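Multiple structures follow.
Two complexes, one shared chain (chain A), two partners (chain B, chain C).
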Partner chain A sequence: MATREVFESRWQAAALLLPTVLVSIVFLYAPAVRAFELSLFEVGFGTGEADFVGLENYRTLLTSSEYHLSVLLTVLFAVAVVVGVMSFSLVVSFLIHEVEVGKGLYLVSAIWPYALPPAVAGFVFFFLLHPDLGVLTRPIERFGVDVDWFSSGPQAFALITVVAVWKQVGYNVIFMSASMNNIPGSLTETARLDGVGRLRRLLWVYAPIMSPTLAFLAVMNTIYAFFGTFAFIDVMTQGGPAGATNILIFDLYRDALQNFEFGVASAKSVVLFLIVGGLMYVQFRVTEKHAYYGG
Partner chain B sequence: MTLLETIVDVPNRAAEYLSGERTGDRLARLREDGLAVHAALASLVLLLLFPVLVAVIVSTKESGIITGLGGLVPGGNTYANYYRALVELEFYRYMLNSLVMASVVVVGKLVVSLLAVLAVVYYRVPYKDIVFLFILFTLLLPVPVRFVPLYRLVTGLGWNNTVLAITVPYLASATTVFVLRQHFLSIPPSLVENAKLDGVGPLEFLWRVLIPMSKGILVGVSVIIFVYAWNQYLWPLVIVGDDLQVAQVGLGQLRGQAQAGDVAWALTMTGSVLTLLPPLVLLVLFRKPLLETFSIQRK
Partner chain C sequence: MPDRERSGGSVRRSRRSVLRTSGAALAAAGVAGCVGGGGGSGGSAEPVNDELTLWHAMGGGNGETLNALGDQFEKETGISITMQFQDSYESVLTNFLGALESGEVPDFAQIDSLFAKQVLDTGRVEPVEELLSDGFPVEDFLPNVTSFFTVDGTLQSLPFNNSNAIMYYNRTAFEEAGLDPDDPPSTLSEVRSASETLVDEGVVDAGITWPNHVWFVEHWFSTAGQLLFDAENGHAGEPSTLLTDNDTARDLYEWWRGMAADDLYVNPGIEAWGQATSAFLQQEAAMLLTSTAFVAGARSGAEENGFEVDNAFYPTVGEERVGPVIGGASFFVPSGLPDDRREDIGAFLEFMASPDAQKQWHKGTGYYPIRQTAVDELASAGWFEENPMFRTALDQLQESGDDPATKRMLVGPARQSQQIIQDTSVPVFTGDTGVEEGLSKMKSDVENELA
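== the complex of A and B ==
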C-alpha cells in the first residue's frame, strides 16, 4: 500500500512540531490550567498575594444575582443571535442559489461582513442610531418608537443583537452557499416537477440535507455570541444601561481589569470554558450522528 | 449602483463584455430567474451594505451630523477628512500597527503550521496522532478562557507593550494545521515516495513540491488568518499601550481627539472606513481561494 509516511527520523519530527507545541503549551494550555488554579484563590490587589479559598469564588458566583443576570442575558443574546443570523442568512443564501444572473456579485455583497472589524460595526451603528443625532433615529421615531438605548435596557439589548447578527451574516452565507451548491440538481428538479413551492423546498428539502452544516454553524454562531461580541459592547454600551448588555465576556473583562478581582474572574473563565467545551461536544455528537446519512 | 458593488462588479462585467453577451439576453435571463427574486435579493443585500454606505458618505462630509435620510449625499470634504484623520490625528500609526501585527501573525502561523503538518502527514513516528489532537484541542481555549493568567504571563515576560505580546500567543493554529493537513492528504503519496527515492529531504520537499502545489489553499488560509488577526480587539486593548495600539482600538482614540469640534462623527466614520478597507480588499480580491479553503474546513 502506498504511504505518505516515508520519513522516520523522530528527532526531525519532534523539531518540526516543536514551535506549534511549545506555543500551545506556554500560551494556551498552561494559562488555561493556571486559570483553574487561580479560581481557587483570592488574589490580593496590588500585592499579587494569593490566599487559598477553595471553592469560595464559585460560591460567590452561585449566589451573585448580578452574575445570574449576566448568564441569563448571555443565553438570551446567544439564542437571539443564532436564530436571527441563521434565518436571515438561510434566506439570502437560498435566493442566491435560485438566481443565474449576477450570482457572483450577490455572493460577494452578502459575504463581505465576514471581513468587517467588530469595532467598526459598533461605531457605525452607534452613529446610525444615536438617540439624538442618528441618521435612522428620526425615521424610526416616526413609527412611534422613542429611540433611547442610552437609558432603555431592552433597546440596548436589541441594538447589540442587531449589530451582532449583521456582522455574522457573511460567515454563515459562505458555508450555507457552499452547502446548497452540493445539493444534487436532480433533487431540485424532482421537487419542482412535484409542484413544491420555493419556501417548502427550502424548509423541507434543502434544510434537512444541509443539517450537518447548519449544526456546525449553530455551534460556531453560539461561540461567536459568547466570545466574538466584546467589541460591540465596549464601543456602544459598556454593559449598560444598568447591566442590560453586560454579557459574560464583558463582565469577565471588567472583573479582571477594572476591579482586579483575579480569583473571581478566573472562576468566570472556567465557567466559560465549560460552556465552550460543552458546545464543542454537542457539535461533535451531532456531526457524528449525521455522518451516517451523508450530506 | 453602489461604489462597492461597482468595484466588485468589474471582473463580472469584463467577463460579460468578453463573452459578447447582449443586454437583451441578460434581461431575458433576468426574467427567467424571476424579477421578484432579484428584487428581494437586492433589497436584502442593500440592507447589509447600507450601514457601511452611510459611513462612506459621512466620511466625505464636513459635519457628520445628519438627522435624516435626505442628508445622505456625498460632501466635498473627502480629502480633508482622510488627511486630517490619517496624518494630523496620526491614525496611520494604528493602521501600521495593525498591518504589522496581522502580517507577522500570517507569516508566523503559516511557517509554524506548515512545519507541524509536514511532521503530522509525512512522518511515521509514534504518538503523532495524539500530538495532532493536542493541537486541535486548543480550539477550546480562546483568549477569554485564559485571560487573567495570560495577562500575567505576558506581563511577567516583560512583553507588555511589545509586538511580541500581540503576535507570539497567536502563533499556534489549530485551524491552519487542520486545513493544511486535509489538503496534503489529498496529494498523491507517489509524489513523496519519488522525492524520497531521488534523495530529496523533507524540508526541500515542502519548499519545492508541497508549497508550489498548494498556492490556492495558502492564499485562502492567509486571508483567513489576516482577517482574524486584524479583527482582534480585546487582547491588544489590554496588553499594549497607545504606541502599538491597533486600528480598531485606535478608533476610540480618534473619536476622543476629534470630539473637540463638531466634525467628530465625520472623522470617526473616516477612521471606520479606513479600518474596514484592508480586510475587505483582501476578501474581494481573493474570494475564490478563500471560499475553496472554507469548503475544506467544513469537511
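== the complex of A and C ==
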C-alpha cells in the first residue's frame, strides 16, 4: 500500500497528534502502569507507607471465594445484558423500520433513555420499584411476586440487569436503525416476493447484512456491561444483598475507595482489564470471521 | 499571620516528590521489604487554610447548629474558623486520610467513632489532651464517653457529637392496638409480641424497622454484656476474631429471622438511615431503632404525620441490660502543626467542649452533652422534664455499668468488618442461610480481615 502524503512535514503530523497522545498518556497509560505497580504493594492510606509484597495480592484473589463469585456474577451479568440489549433493540429497531406512521416519534422515544444520566436512571428505578414505597411495586405484586430486592439476591440481580438493558437500548437502536436504513430496498422486495415472513426476514436477511454493526455493538455493550453499569449498583444495591450484585467494577471501587486497600484493588483492576481485553480479542476474532463487510 | 505560611511550600513539595520517587524506584528495582514512603510522622504539616478549618459531616439542622457554634467562637475569640461540610463520615475519613498523606491538612476532622482506629493507626494525629490547657477540667467529661476515646491512657480525640441508639415508638398506634403506650417493649421478645398485636389489629403493616447498620448489632451485644470482638473489642490489644459463637448472637439472629419471616420487620436496606426513618414516620412500622440524634426530627416528623411519638431504652436480646455502646464522632487534630496555631486549635476544642456549647448542641440536635456540668445545668433548668425524649439516651448511658462490652469496637479494618456483618446478616434474616452457618461465615470473614 502506497503511503499518502497528507502532511508536508512529520512535525506537523506529530504536533497535531500530540494532544491526543498526551491525554492518553496522562490519563490512561500512566495510571494503568501505576495500577499495575500498586498491585504489587500493600499500601497504607494516610501514612504513605507501601510494602512490596510481590504477587501476594494476586494470590489473595486466587483464593478468595467472594472474588470468584464476583467474577462469575459479572460474566453472567455481561452475557445477560449484551444478549438482552441486542435482541430487544433488534426487535425495536425492526418495528420502527417497518412502521409507516410516526416513525420519528417512535425513534425518539426509543432513544430517550440513553439521554438520561445513569445515576438519575438508577434513582428513578429505585423509587419506582422500592419494596415498600415503589409506585410499581404493588401492581407487580398482584402477579404473585413478593417484591423485595433489598433482601432477595436473585431479584436484585434481575432488577439491575433490566435497568442496565433499558438504559442501553437507545444507543443500540441508533446504530441498528441507521444500519437497517442502509439495506437496499431491492433486497426487502425480493424477500417479500419470495414469501419470506417478517421474523425470518429480520433474522436471515437483515441481520447478516447488519453484522458489522452488530459486531461493533457487541463490543460496545460488553464494555458497557463491565464498566458503564457502576452507577446503577452504587445507587440501587451497593453490591448487595449479600454480594448478589457485587460486579467487578463495584467490588474494586469498594476495595479502593471505601476500604482503602489500594494494593488489592489495583490487582483487581488489572484482572478486570485482562478479562475484558481477552473478551475483546475473542470478539474481534469471531466477528472477523463471520461479519459480512460486502464484496 | 504571614509566618504561618513559612517554609510550608517547600516541605510539601519535597514530601510529594519523595512519595513519587520512592514508589517508582521500588517498583523498578523490585526491592522487597518494608519501606516508609512519606516524610515520616515527625515532619511538619501544612494547614489547608490560613484560618482554622474543620471538616465535618453534619448536614441539615445539625449543620446549622454547628455553624452557629462556629460563629459564636469567632465572635468570642476573634479567631476565624471555616466549617466545611463534606457530605458523610465516609467522605471526611477519605479526605482526611488523603490530607494526612499529602501533608496538607485541616486543623480538625470529625471522624466517626467507628473509624477511630484507622485514623490513630496512621500515627499522624496529635492527642487532643496535649492541646487542652492545663486547667481544663478533663474529669468533668462523662466517663462513659471519654473511655472510648482514651487510648493508651491519653484522650486522643475530642468527643463532640455523641449518641447511642434508642427505640422510638408510635404512641398513637400503640393505643389503637390496645397496647399500653407507657409500657413499651424492653426486650426483643416483647418487641415481637407487640409487633404481632400491632399488625393483627391492622394498625400498621409491620412492627419495627431499623437500618441494617453494624451499630445496631453492636448495641445488642453490648446491652447483653457480650463482647463483639476479642481483646475487649480492641481496647486491650489487637483483636483477632469476631465473637459470634454465643447465645446472644444466636438469639438475636433467630429473632431477626422470625420477624422477617412473619413480615413483622421492615428491611429498609443496608445503611439506609433515611429509609428506616421514613418507614416509621409514614407509619408503616410502629417502632424504630435509631440514634438519639433523631429526637428533634422525630418530634417534628410525627407532628407532620399526625401521631404522637415517644422513645424508650434500646430493646435487649435477653432479660439482662448492661449498657449501650457510644456512637457519633469526635474531632481529630493532625500532628506537626505550628505552635501558634496549636494554641488556637486548643482554644476551639475547649470552646466546643464547654458546657454552654454542649448545651446548645444538645438542644439543637439531640446528641447528648459530654460534660457533667452541662447535664446538671440542663437538669436544674428543667429541660429534661419539659423534653423527656431528650433524657432517654442520657439515662441509658448513665445507668450503664463500666463493662468492657459497652466500649465500642476499636478495630483497624472497621469498614470491612462492618460490611461483612451487614452483608452477611441479610441471607441469615431472609432465611437463605442457616443461623449457625451465617454466623460462622461472618466470623471467618472478619478473621480474614483482621489477620
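The rule is short, and it goes like this: the second predicted complex is superposed on the first by the 263 of 295 C-alpha atoms of A that agree within 3 Å, B and C clash if a C-alpha of one lies under 4 Å from a C-alpha of the other, contacts with A are read in each partner's own complex, and residues count from 1 in each chain.
We adopt the following convention: contacts are C-beta pairs under 8 Å (C-beta built on N, C-alpha and C of every residue); 3 or more make two chains touch, one makes a residue touch a chain.
Model, not experiment: these values are computed from the prediction.
Visitor: After aligning the two structures on chain A, examine chain B and chain C and state clash or fit.
Guide: These partners fit in the superposed model.
Visitor: Using the superposition on chain A described above, determine whether A:257 touches chain B (first), chain C (second), both, or neither.
Guide: The answer is both, since A:257 touches chain B and chain C.
Visitor: Just to be sure I read the superposition right, which of the two partners does A:40 touch: chain B = first, chain C = second, or both, or neither?
Guide: A:40: touches chain C, not chain B.
Visitor: Between chain B and chain C, point out the one touching more chain A residues.
Guide: Comparing chain B with chain C, the partner touching more chain A residues is B.
Visitor: Is A:51 touching the first partner chain B, the second partner chain C, both, or neither of them?
Guide: Once the two structures are laid over each other on A, A:51 reaches chain C alone.
Visitor: For A:31, using the defined touch cut-off, is the partner it touches chain B, chain C, both, or neither? Pick first, second, both or neither.
Guide: So A:31 only meets chain B here.
Visitor: Answer with first, second, both or neither: which of chain B and chain C does A:273 touch in the superposed model?
Guide: In the superposition, A:273 touches chain B alone.
Visitor: Can A:87 be said to touch chain B (first), chain C (second), both, or neither?
Guide: The answer is neither, since A:87 touches no partner chain.
Visitor: Taking the superposition as given, does A:151 touch the first partner, chain B, the second, chain C, both, or neither?
Guide: second
Visitor: Just to be sure I read the superposition right, which of the two partners does A:243 touch: chain B = first, chain C = second, or both, or neither?
Guide: Touch status of A:243: second partner only.
Visitor: State the minimum pairwise Cα distance, in Å, between chain B and chain C in the overlaid complexes.
Guide: 6
Visitor: Output the chain A positions appearing in both contact lists, the one against chain B and the one against chain C.
Guide: Chain A residues touching both partners: 133, 257.
Visitor: Considering the complex alone, what residue numbers of chain B touch chain A?
Guide: For chain B paired with chain A, touching residues are 4-5, 8-9, 11-12, 26, 29-30, 32-34, 37-38, 40-41, 44-45, 48-49, 51-52, 54-55, 58, 64-69, 71-72, 112-113, 115-116, 118-126, 128, 131, 134-135, 138-151, 153, 168-169, 171-173, 177, 184-185, 188-190, 192-193, 196, 202, 227, 230-231, 233-234, 237-238, 247-249, 251-252, 255, 265, 268-269, 271-272, 275-276, 279-280, 282-284, 287, 291, 294-295, 298.
Visitor: Given the complex with chain A, which residues does chain C contribute to the contact?
Guide: 19, 22-24, 26-27, 30-39, 41, 90, 94, 96-98, 100-101, 118-119, 121-124, 260, 266-271, 275, 278-279, 282, 284, 413, 415-416, 419, 423-424, 426-427, 429-430, 432, 445
Visitor: Per the contact definition, I'd like the list of chain A residues that touch chain B in the complex.
Guide: Counting only chain A, the residues touching chain B are 2-10, 12-14, 16-17, 19-21, 23-24, 26-32, 34-35, 38, 88, 91-92, 95-96, 98-102, 104-121, 123-125, 127-128, 133-135, 137-139, 166, 169, 174-175, 178-179, 213, 216, 223, 227, 230-231, 234-235, 249, 252-253, 256-257, 262, 265-266, 269-270, 272-273, 276-277, 280.
Visitor: Looking at the complex, which residues from chain A come into contact with chain C?
Guide: The contact residues of chain A facing chain C are 37, 40-41, 44-52, 54, 66, 131-133, 148, 150-153, 238, 240-243, 254, 257-260.
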